[in-house]
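Okay, got some structures for you below.
Presented sequentially are two complexes of chain A, the first with chain B as partner and the second with chain C.
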Partner chain A sequence: MGALVYIAKRFGLYLAVLFIGLSITFLLPRLMPINPVDGYIGQIQSRANGALSAEAIAELRENLENLYGLKGNLFTQYVDYMKRIVFSFDFGPSFTYFPQPVSQMLMAALPWTLSLLLTATVIAWTLGNLVGLVAGYFHKKKAASILEFVGILLYPIPYYILAVTVLLLLAYVFPVFPLSATFPVGQMSWEKVGMIIYNSLLPGITLVLAGFGWNILSMKALAVATTEEPYVIYARLKGASNWTRMTRYVFRNALLPQVTALALSLGMVFNGALLTEMIFSYPGIGLVMRAAATGGDYNVLYGAITISIIAVATAGLVIDLLYPLLDPRIRHK
Partner chain B sequence: MARHGRTWMLPIMGALMTTTVFAQGAMTDVGTPRSETMIVQTFDGRSSNPSAQNPLNSYAIWRGFRELGWAALWEMDTATGESYPELADGFPEVLNDEHTKFRVKIREGIKWSDGEDFNVDDIIFTFDTAFKYRDKLTNVSAITRLVDSYEKIDDHTFEVTTATPVYDFVTRMGVYTWGMPFNWVPQHVFEPLGDEVVTFQNAPAVTLGAYKIKEFDPNGFWQLWELREDWDESGWNIDEEPAVKYVYYKDFGTEETRALAFVQNQYDVDTFMSPDSIEAAKARNPNIETFSATFPYHDMNDACSYGIYINNQKAPYDMPEVRWALALALDLEQVGISAMSGQFKASPLPLADTPITNPLYVEPLESWLEELTIGDGYKPFNTDFGADLVETLAAQGVDQAQLPSGDAVEAGFGIGWWKHDPEQAAKMLESVGMAKGADGFFTMPDGSPWVLEFVIPGDWNKVLQRVGFSIADSWRQAGFNVNARQVDNGEFGTVQTTNARMELQINWSNSCTYNANWQNSWRNFRADNVLPADSNDALVQNYARIVDERIFDIVSESASLEIGTEEFVENGRQIAKYLTEDMQMINLMNIPTTIPTNSTYWTNFPKQDNFYAAPYTWWSSFKKTVTNVEPTGQ
Partner chain C sequence: MISIKDLQVSYRLGTRTIHAVDGVTLDIPDGCIVGIAGESGCGKSTLMKAIYGDITSPMHLSRGSITYGLKSAKGRQVTAQNIREEWFKSISYVPQSSMNSLNPVIRIREQFIDFPGTDSNKKRVLERARAYMGKLGLPPEAMDSYPHQLSGGMRQRMMIGLATFFQPELIIADEPTTALDVVVQKDILMLLMELQEEMKNTILVVSHDMGVHYQVTHKMLIMYAGRVVEYGDTDSVFSDPQHPYTKMLIDSLPTIGDDSMRGLMASAAGASGDRAYRVEPILHEVKPGHFVAQVAAAPVAQSVGA
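Up next is the complex of A and B:
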């Protein structure tokens, strides 16, 4: 019964977070000092070499407001928006690329973002935690300082500098990878899959390098603290081996905050990695969101932010539900 | 396990080998021979809607459609500013004195890229579709408001009646500068769709130009065009087979990666690379060239010019003394040097000073500029602006051989600009009761603080961003309390169209007179397009906030004059005079377009000394480049 109440409470909180998040999402783009109709009219006018008459522009404005669903007061638009999202998960058409459906744009970009960022995040987390654990457990040894140094060296480098340096080294000085990748199109084949993996390696390596420094440092700090805990000392006095103490006593206890960080960072990958996409010409949701933000494309922003909110909230829910399984102390409470 | 390992390695090895071959220059990364492929950097980076290729709606416009895919009834010769027939068989016949009825003949034997005939049925179908779905299609308003009725005469002749008298029918229905306002669609593809035509993506599009789409990246990074086998039956009306078999538009990423890829000969023409990156790339690869071998290096032939647009309706900018003070306090030489390393061409009149506009407007008004007086008889024009700039650049260590001399100074740096005279600026302000306060900044006439809100582009237009900050710095030094606010392009557009939010803005929208047809840019200066100074409604076209009745009258009177006649052009000059003598907008310079080329694989690109077309890869006239470049044999 207690477990059910726990799950119900967490789930209720999850729904509340989603509702508040979606409502804020609706309002935020409308507070931006950008009018998507003006933006599109500007493009059309430019295409017409400035020759559109005032009447033509008035007609275009009227049509666009109708097509974009911008007619009616804010409340009507809000109700309509919530209905569409909740009942059919439909974000409507993109304003900038009307009539292309937002879902189509996001679905085309998401697999790229997810496959790169999920893989890189998990690798960076795993590598960082393993190195951090060894560095923390053996923190009095010289070799551990070297491992810590790797983390200290990588962590503070701004991502942009790190990415350009990696690109310069591995695509220009030693041209092992392309400077700007070209991803194959059409029917997939093994060769094309290989091309995609090969072209994704450079951004992947950069993301791992950028991510695992933090994991080393935080795991090392946790491991150092945990190593001094009485139960670890007790295990040592009982004659448990280094390996057993490190993996079963220190690692398991230091893992919880790291799992939380992993879950949250997995939720955040839905936001895409704008800089990665820009620097490595990698397709993904970051560039879609950037174009939408600068063009006032509300619907695309709604779509991307909603997915992100759902991802982060779901990650939080999953953590809450997993904690009792990972930590007997929480289960006991 | 070992077998799986080897299988897994195969695609990786294949990819590595493909890249190695690419690096050697034999093949491109899309599998075309490099020696037959012209590769250009895309104008907009990555496209978010590469599959949208229906020109009746918003579509992936920057992927070569205007340049290689569509064809116009009348195209623009960007070397001369004269229109020429492309799909049309000659120029239109005007059928009535009111200039509202026109007969157009199209050439026979033109085929779509799928081999079907192009004829008047396609044109009538496009008209029908545009009118039937005018409230659902987002890219047809240019035609639905211009055209009143249309009629097929025969398979190659049609007549159009316009809603109002039109004297520039050729450029309204064809190309004025960089592309057509709407495009013809193939009836045989669109008609079977019925009502679904409004959501039709049309990818890959069936086109009329000499090239057809071979492949495009659904992620929006590239598009590959291939020369049609029946190129001589395309809409382009060309006699010689182009040497370029493939045109590959690709986004090479950030400026850093672009510069590196350019040095590695991975592509042939860049777009908007910064002067610093070009200089670095040139130092590493002798095949990289700028538009001109000497200062100011870059192309200055865009239709528009950069200027500071002023809300002429809002105090204190409603006083010409204030506007002139802003112009005289602006040290354009310093702005140009600090923002663009001196690589710019000044233009005091409200248009770009190009080889096309110079004989029409600039040269005839040169002596007027020299004699112009303001206030108490002060002559503001500095004819030595170019010579002074050369001297300053030389003093700063620029190699003399890189600097123009003699007549080339005027051709390179322009006929002159306004004197930098902060003292005179102060006098002009004092004449309307605006003096410096205790903080050293000028105040409003009633003594209250005056903070100038100056809107400039953010990093989406780095050149203007730098220019904007330099101008603000120049004004601040002269005692103007300026708040230079950089904004994203979305907000930039909103400020442009909203009176209540606009004081001063760097802009180019109303200074786009490209040839004798000044109406294209200035017809928007009319009383209908003026809103109250504090209005939040969207302004139509008159982004310079011109409220001068004299100009409205000239625009109205000229609407019934034949374009290009002396009377018509003289009216344009008069508008330029009114705009200038009251400093209704502070024109700065031609738009400097950095468009470096790499001659490793192709030569004979348009250059200053080989100007057969505007060099831009995003104008429809790029077809001239594609048909004129020559392979180097590499």
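Up next is the complex of A and C:
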């Protein structure tokens, strides 16, 4: 019963965060002194060399305001905006790729980003934590410092250098993977899926390597601190095996902050990995956002920001619902 | 009987070697509670670690020997080499920090069976442990809780329970009541004494609290600078301490209505001989900004607060 109340409360908070986030997204651009409709009309008028009549301009303005949800006062705009997003997830059409709806563009790019980044993040987290755990648990042994060295080596390399190096090594020096990958779209077949997985391996490897180092280092530091905890020392004096102490004592306790880190980084995944997508010409949401930012495509940006807000808030919700399962101290009665 | 001969335990720190226990020879008879007292850094804990067989770098036995008059379950003689296999079988340990010596994220019952104990049938162990809770003054459900759901006193009962459950012949308790309030301290000590009375095992209790030693122990061991300075029956040590350090330790016990500390300070101060003291000295400034409580008999220039 208590658990249900907790979940209900937490879910209420989640909705409140989404509501506030969406409201700020609505409000911020409207506080700017620029009116995109004016800008657009100005562009068209200059293209038509000022040949448009006043009626035509008024009609154009009317249509544009309807299309982009800029009609009426701030309050009616706000209600309209919320209705459209909540009920139909509609951000209007893209400016650049008019009249393609923004939600369609985002939904086409999201699966690409999610499948690559979620997989890479989870793999990097799992491997990094396992290596970090062993490095931290056996930190007094010399051999374990080799594991830590892997983390120290990988962590400070800027991603673009890492990615280009891996690309050069595995696609040029040893041509295991294609130098310039193609990602088929449209109707999926097994053959196409196989090709996508094969072509995604290279960007995946670079993402895993980039996330791996940080996970090793942070888990190692947590594990070293945990091995000094009285309960781990006591477990040793009870005669508990190294395996029991490492998994049930050190890992279970050092894992808690790492789970938070994982959930937060999963929330960030929705923003895409711009550099990865650029270097490997991967059709993810990062590229869509980049095009929107450089082309002034407001609607696409709103859509992307909204997805980002939903993702981070959802990640927070998941941690809060998951945490009581991992740590009995914060379990709600 | 545990017999320690000329034991030297050292810590190697770079090129320096520190002998934390230096030439201890000792016989601990079976079935008695031995209290170990001494200031911080005197080698108490190192001696306990050596007896428990928890010798990890940089600590090592540089001289001497420990002979345990113990037999393992398989009838093998317990020696300093195989003592680790006897942990929580014939020798057990009560840690100092009961508050966080239990793993916070797993249930206590799991912590009764996650080490190679005397019985490999985990289910049977748990059933017996559940029945044992009553003896510890804990409800059987305490086994199923997480450590944070128990109070500090309950947790320390649990630690005593874990240490005594397998009926070891030797228990080492390193300051078992340090973090507890006085009332709970007494309960825990009574519990320990009761269980010892019943099982007749040997218990080594390290404590800074001379009151604890006086109440609980049969024999007292006083250590100073890595050596044993006095060892004997508790009554005899308390009533007739021989070593000056033992005398000071016992005198440090405050007694209600006892003015001896005041007398001791007065006589110690009086021993310097250059100033006169009386019961109510006044603060005087001996150097600018440096005050001392002193009687006005000596040549004092100015007084404070006057």
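Convention: the second predicted complex is superposed on the first by the 268 of 333 C-alpha atoms of A that agree within 3 Å, B and C clash if a C-alpha of one lies under 4 Å from a C-alpha of the other, contacts with A are read in each partner's own complex, and residues count from 1 in each chain.
Here, contacts are C-beta pairs under 8 Å (C-beta built on N, C-alpha and C of every residue); 3 or more make two chains touch, one makes a residue touch a chain.
Quick caveat: nothing in here was measured; it's all calculated off a predicted structure.
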Partner chain in contact with A:Tyr231 - chain B first, chain C second, else both or neither: second
Partner chain(s) touched by A:Gly194 [first = chain B, second = chain C, both, neither]: first
Which partner reaches more residues of chain A (counting touched residues only), chain B or chain C: B
Partner chain(s) touched by A:Asn253 [first = chain B, second = chain C, both, neither]: second
Chain B versus chain C as contact partner of A:Pro328, first or second or both or neither: second
First (chain B), second (chain C), both or neither touched by A:Thr244: second
Touched partner set for A:Gln100, first chain B, second chain C, both or neither: first
Partner chain(s) touched by A:Tyr159 [first = chain B, second = chain C, both, neither]: neither
Residues of chain A contacting chain B in one complex and chain C in the other: none
Interface residues, chain A side, partner chain B - complex: 32-40, 42-45, 47-61, 63-64, 66-67, 94, 96-100, 105, 108-109, 112, 164, 167-168, 171-172, 175, 177-180, 182-183, 185-186, 190-195, 197-199, 278-281, 283, 287-288, 291, 293-296
Residues on chain A engaged by chain C in the complex (per definition of touch): 140, 229-231, 233-241, 244, 248-249, 252-253, 256, 326-329
Complex interface listing, chain C residues touching chain A: 52, 54, 57, 84-85, 87-88, 93, 95-97, 100-106, 110-111, 114-116, 146, 148, 162
Of all residues in chain B, those that touch chain A in their complex: 10-16, 18-19, 22-23, 29-30, 46, 48-49, 51-52, 57-58, 61, 134-136, 138-139, 141-142, 144-146, 164, 168, 171-172, 175-181, 198-199, 201, 215-222, 250-254, 256-258, 260-261, 264, 266, 303, 460, 487-491, 493-497, 501, 509-510, 512, 520-521, 523-524, 528-529, 538, 540-541
